[in-house]
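Shared chain: chain A. Partners: chain B in the first complex, chain C in the second.
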Partner chain A sequence: MISSNAPCLVLVAQKWSDMKLYDYVLSGNCYKVRLLLHFLDIKCTLEPVDFYPGRAHKSPSFRRINPLEQLPVLELDDGKTRICDSQAILIYLAHKFDPSRHWFPVNEPEKLGCVVQWLTFANCITAASSRARLHDMLGYTCDITAARAHAHRAFRHLEDHLCHQEFNGINWLAGAQPTLADVACFPYTCLAGDGGIDIFIYPAIQRWLRRFATLPRFHPMPGINIR
Partner chain B sequence: MTRTTIDQPEMRIDPFTYAHWYALGRKEDFPEGCALNTRLLSHSIGIRRDTDIMSITGPQGRALPIQHRYGHVWTSLSDSPRPLFDIPEFAEPGRRLVTVGGVRVRCSGLRAVENFLDMAHFPFVHTDILGVTEHAEVKKYDVKMDVEKDEIWATQCQFFQPVAAAASVAGDMVHYQYRVPHPHSVILYKSCPVDPDAWDLIGLFIQPLEEEECLVHSFLLVFDDNNTDTALLHFQQNIFLQDRVILENQVPARLPLDPRQETPTRADASSIAYRRWLKRNGVTWSTTRGAEIA
Partner chain C sequence: MNHTTKNIPTDPKNCLTDWVPVGLTNHIPRGAVVRAYIDQFDIAIWRGEDGFVRAWENRCPHRGMRLSYGFVQGNRLTCLYHGWTFGGDGICHLIPAHPDLTPPETIHTHIYPTCETGGLIWVALASMPAPAPVIKGAWTPCRSLHFVQQITLAALLADSGLSSTPLTEYAVCATRKNQTQAVLAIQPMGKHGMMVHCSIASCDHEAALHDTSRWLMTRRAKIEDTVPE
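Presenting the complex of A and B:
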């Protein structure tokens, strides 16, 4: 656990930035960006978007910010450059604000490959788990049986990998320390219960979620149910 | 967890529950040209809106009554519903209404009302917002019945809160009153951070879908010139989604009315009054008594 402190200890004073995060309080993808900002001790202006019930992300004015009509979006301090996709935002933040290179190990190609693999996989988790959650919680229409089945397929894969890691004495998705891979996969795994997906049947996932929740500076979001 | 989609005989619903108006959503949720289906008290109902005319149909294609109030669209299965309760604050100038949108919860709607009445959960469920664990004590408060209006009032409630509202700048002792004018609706009156003489309102209008599933429509009616509607919306959704996890994990999912089934503590005076009131009015739907009868 000591080593996992390292990325936070590098930056002692809280940094103010002129960045702006277009944010929705109930979004797991926005939450992962807020989490990393907090882990790295970076202050960022939050611009709340009325995702539900107002569907403001579908409005013409938001479409100028992100034509994909999705959150989150990070606007950089030049007031012009915008990064969409939570994984891309995590990479930008880690590269810019974490000189220790623990969160995104650009100097270790093998490890880097693993991290990026799990960053991509985070989108598979989101696609299924978030869809089930929007259906159950906010009444979105979808094939709920298919969404839950896809989520379980993704979680079985995650469970297998975490078992394998534990067998080799490794606590995190891409090595001995938490990386962006863990940050990216955590939210919609932990929020799966909101969509009626039983995540308690995966013991290695449970242990990993509990380890993640004890990271220094961790803070939960509503819906997170860690036992 | 299997959900009955076949309409159950309306006889199963006790007369008190049957006779009320229920909110189905905000007018904006039913855009022009829409034709949607939803559930109310285990019945399928259809909502249509052509241009500005809305119509609601119930079991066997029967036209149901409709009214627009408090930012929401209301209906009833009954042909002669009890009048919808009055909220005079909606007519007060200077207040802002923020409608939060419906959130589905797998529990009895009565459980959601009871949880809303319970201050004891603040420090543990809404940690560092509506309560802190160092100040977890619920001070004694008054509960009384307004016999004429047949509603429950809990008054003189106080609680220490670090961030009572989106407009708060520091922790403070916050004063509350609760009002239950309807088995599935509850309103809280909370001392307003920007005007000590005024009350802010937060309320739940619950649409009972099934006995163990409800759609919670909520609103804020506040004096606040500093926060945008979206900031208020995020504040409230954050709070309510913290409750949702707790509600979905309560056992049993229906509300027990028998005082021996759960042992309430001192802080639960309003909960006891609520359960007694439901019992006195013969409510069985969405309670564990309903499950026994079925």
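Presenting the complex of A and C:
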């Protein structure tokens, strides 16, 4: 919901600004950003990076874009400023393009604390679930048993939290409406199966994933087939 | 006796005559399909628009794709892989690659009987199961928890301070001092551990849901800390 007309006009004006997202279609971290771009209806140029098999993120030219050799990277319309880390990009986009402040509730400190807590937690999910997925799908080496155990520890915590939210009639991680917390945690939870992590043992997580997939303007990525 | 020590024949028709709980009634809304294990048997469970729950072997008769990846439309389930579409009775009605063909009735999924009672969904693997359980009263689904190890109901309740009455081989009605009555049910899943499902007597406050969940989490922590993996 948009509270007044003025920010709405700003929104429309800014929605067409020319940003560039260094993107890989099978990356859950890039998908987080693409999800929010869709939810907020923001136009953005996608610059595909040949992550696999090309390993283009390790090339000298990409290293100039992100020395950490990671995707995603958002390049702002000045053509110079670049934001790395999917959570940071989500915060930038919500702050800049969502005048309703629902996705990132900067005016509600308690809620904001919760959202940021789950944004940080999204990195735990990613670290474990994405590592297992890279191992199973692209043959990366890692301690797969440890990665899956870490993922299960994170998912159990997420499951307990979502159960207790449901008891209070709350459908989302940080309140009655979806926030960046949900966007950040969704991809690698939904993709966990690709890394051999069974999530059918987490019923509240499955219910939350189904709710997420029914949000207006939701769109899936390859490997995600819930409806 | 620990459930794992049971000698389980590989043909489900010859084993477990009992009904096994596979989830809370609210876990599978109309149009949803989920995956569940009973011992080593992989099962797709879904609810049609008519409100009925179906449980099928999680294997498409075509090329073996998991049916739990499929999608429900009306009272039919369509396999994600090549779109074979099965009615609520398990019979294949449509093969998209041959739209004019009426598939022979011999093409069908392997179906298991289901029922709902006590706030839970139950499945029987045996083709000649015992009569379906009936748990009297109104029950509100609370939550399901995964346990890494598979233990018996007796072990789950041991030293817990609960008084309990058996309902089926897999479920009890349990009461804590001055607390809400609960149905506690276990779903053995072999190497996947087990699920504990819990519903509480209806007309209770949401505080009772939180309280019951906290109790279950404490129980789980205690059991997982003491039982070696």
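In this section, the second predicted complex is superposed on the first by the 211 of 227 C-alpha atoms of A that agree within 3 Å, B and C clash if a C-alpha of one lies under 4 Å from a C-alpha of the other, contacts with A are read in each partner's own complex, and residues count from 1 in each chain.
Convention: a contact is a pair of C-beta atoms (placed from the backbone, for glycine too) under 8 Å apart; a residue touches a chain by one contact, two chains touch by 3 or more.
Computed from a prediction, not measured in an experiment: that's the story for all the values here.
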First, second, both or neither for A:52, with chain B first and chain C second: first
Contacts of A:112 with chain B and chain C, given as first, second, both or neither: neither
Touched partner set for A:149, first chain B, second chain C, both or neither: neither
Partner chain in contact with A:170 - chain B first, chain C second, else both or neither: neither
Partner chain(s) touched by A:225 [first = chain B, second = chain C, both, neither]: both
Which superposed partner A:204 touches (first chain B, second chain C, both, neither): second
Touched partner set for A:160, first chain B, second chain C, both or neither: second
Partner chain(s) touched by A:137 [first = chain B, second = chain C, both, neither]: first
Contact residues common to both interfaces of chain A (with chain B and with chain C): 225
Chain A residues touching chain B - in the complex, by the definition given at the top: 24-26, 48-50, 52-54, 56, 136-139, 193-194, 196, 222-225
Chain A partner contacts - residues on chain C that touch it in the complex: 23-24, 27, 32, 34-37, 68-69, 71, 80, 143-144, 146, 189, 192-193, 195, 206, 209-210, 213, 217
Complex contacts: residues of chain A adjacent to chain C: 156, 159-160, 163-164, 167-168, 198, 200-204, 206-207, 210, 225, 227
List of chain B residues in touch with chain A within their complex: 26, 28-29, 99-104, 106, 215, 228-231, 233-234, 237-242, 244-245, 248-249
